[in-house]
Amino acid sequence: MSVLTSPAPAVAARPTARAEGYQPVLDAAALNAFMARAFPHGPREHLARVDQVAPGEVLLSREPGLEHLRPGGIVSGPTLMALADAAAYVAVLAHVGEVAMAVTSALNYQFLQACPQETVRARASLIKLGRRQAVVDVRLFVDSLRHDVGQAVVTYAIPAAA
Amino acid sequence: MSVLTSPAPAVAARPTARAEGYQPVLDAAALNAFMARAFPHGPREHLARVDQVAPGEVLLSREPGLEHLRPGGIVSGPTLMALADAAAYVAVLAHVGEVAMAVTSALNYQFLQACPQETVRARASLIKLGRRQAVVDVRLFVDSLRHDVGQAVVTYAIPAAA
Amino acid sequence: MSVLTSPAPAVAARPTARAEGYQPVLDAAALNAFMARAFPHGPREHLARVDQVAPGEVLLSREPGLEHLRPGGIVSGPTLMALADAAAYVAVLAHVGEVAMAVTSALNYQFLQACPQETVRARASLIKLGRRQAVVDVRLFVDSLRHDVGQAVVTYAIPAAA
Amino acid sequence: MSVLTSPAPAVAARPTARAEGYQPVLDAAALNAFMARAFPHGPREHLARVDQVAPGEVLLSREPGLEHLRPGGIVSGPTLMALADAAAYVAVLAHVGEVAMAVTSALNYQFLQACPQETVRARASLIKLGRRQAVVDVRLFVDSLRHDVGQAVVTYAIPAAA
């Protein structure tokens, strides 16, 4: 995001370089089909939907249901963490393909503000995509709020086969 | 746990002191009743159950259902993170009471090994219970595996009212 | 960074909005003067230097010395974590001013690749700057490597006085 | 620590099992010799000292110097994180030996309270010691304070050679 905020060439150049370094191999349609197959037991209408795929990042969205609300009508923490987990997984999958099965090793979630019951969006950006490990930054937000509702860093171990 | 493994008086003494420092104000029955009221939309049979309360810690368990499984029949990450979140919340609630509403500020989860579909247990221990902030260590395990399946550190902000 | 990689207006718009939401109140010169006063015991030549300040973010750099190297001549983890800590602190300070003293509550650091002995740069971006809490994303990099060497999320508690 | 605080056999039994599962292969003297060789540039008197080794855990201590203090005379965050990093590394080293070189992949540190300038102790306990990954829980404390000053979870990648 420094692109818009910093005049420094060195700084502005890095996200570009980073993005150019990662090319997706699966598109949104292929990823949505995979997610539907992978989670057959989840209520279809609440599954996270892949909306966009770009070099180094993906954008997902999810419609929270009644069972995803905490007292006060705000979206529950586990619902937000589950979306962050799905978005990060999709970001890796989109760039390494279905062949390699990435295994989540850690998820660090920051709750930033209460999330109202509306479409929750997650943008997952690859911080690192190595042969053995992937690290993904996830930002969760809703259209009615200016600032993010949550942020996560998710780490994956990629099997040697990959 | 150093109590059993370390001969050092200074070391062994600390967990004791730490535990004595925190006295629960709610028992398992009161906590289960609160959880049932707090999450009316959750399928009752899958709610986390509070099994024990002790100074500075609580023990919960949860029976994973089909909808909580990943491909391969292992318990999904979001299900485990949700249990860790519930266990940490209950640990704080048990010691500060229902008056103060703790707000989760961060949850850092480590996936340690695949979790088979059986009763998942979570032991949540207070690392810090301050006037404004609480930090809780959570260990998730199942009876059929010797080592933990997951570990989490959960941080709460406690409103000034508390 | 989605600005360059994603065609989605909603996505592209957010970093802008986020950046516009945070206006610095101290410039690089003022921040460097503060750092020099705040850490009188640190060897001057190894102090982190504030190179740029922009809405919502700052850029720092540090020259690692011999005592900052691990076997193999790579920059040590504690040196990188110290730079991430300084960069995040400066990002908050730049936007809230010296009046309020932010207290670090958590630092979560991801080691991404070995860091050679050259100028290490840190870009710290505000994820959240609330009345009571600030959350900062930090990326560490060196000019000779295309990808980041480290990433951190740093959380601060801001005293009520603020 | 549940051993002293919980009456539950299932709970009390686990730390024992966990500890019995991990047997150290290096003692404190061997570890101190290794640390001295590994960090030749560090001022000897400020090096972390390994005080005890037990199944699944180690105890280290460090004397903070003037250059490790923040304004107000409290021990700086980077000094505490460096001790946590050293303690976790020593815990792994003590159990896998010098042959395998563990590489830190993440360090998540919680600042719990201000740390006065006195001997800082760190107890590092293995949460997981796998073929490819190790996860360590670290508690930092000083003798004059009842509660811990900090807590960390440190994750290591262990090369295939191990």
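As written, the chains take the letters A, B, C and D, and residue 1 is the first residue of each chain.
We take it that a residue touches a chain if its C-beta (ideal position, glycine included) is under 8 Å from a C-beta of that chain, and two chains touch if they have at least 3 such contacts.
Computed from a prediction, not measured in an experiment: that's the story for all the values here.
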- Task: Tell me which of A-B and B-C has more C-beta pairs in contact.
- Result: A-B
- Query: Using CA atom averages as chain centres, what separation in Å is found between chain B and chain C?
  - Reply: 33
- Chain centre separation (chain A, chain B; CA means) in Å: 26
- Residues of chain A touching 2+ other chains? 105-106, 108, 110, 155
- Query: Quick one: do these chains touch in a line, a ring, a star, all-to-all (complete), or other?
  - Reply: complete
- Note on the structure: Residue positions on chain A within touch of chain B in the complex are 38-39, 41-42, 66-67, 69-71, 77-78, 81-82, 85, 103-111
- Task: Quick one: which bits of chain A touch chain D in the complex? Just the residue numbers, please.
- Result: 105-106, 108, 132-133, 155, 157, 160
- Query: Which bits of chain B are touching chain D when the two form their complex?
  - Reply: 1-8, 10-11, 14-19, 21, 51-52, 54-57, 59, 108, 110, 112-113, 121, 123, 125, 127-128, 130, 135, 137, 139, 141, 143, 146-148, 151, 153, 155
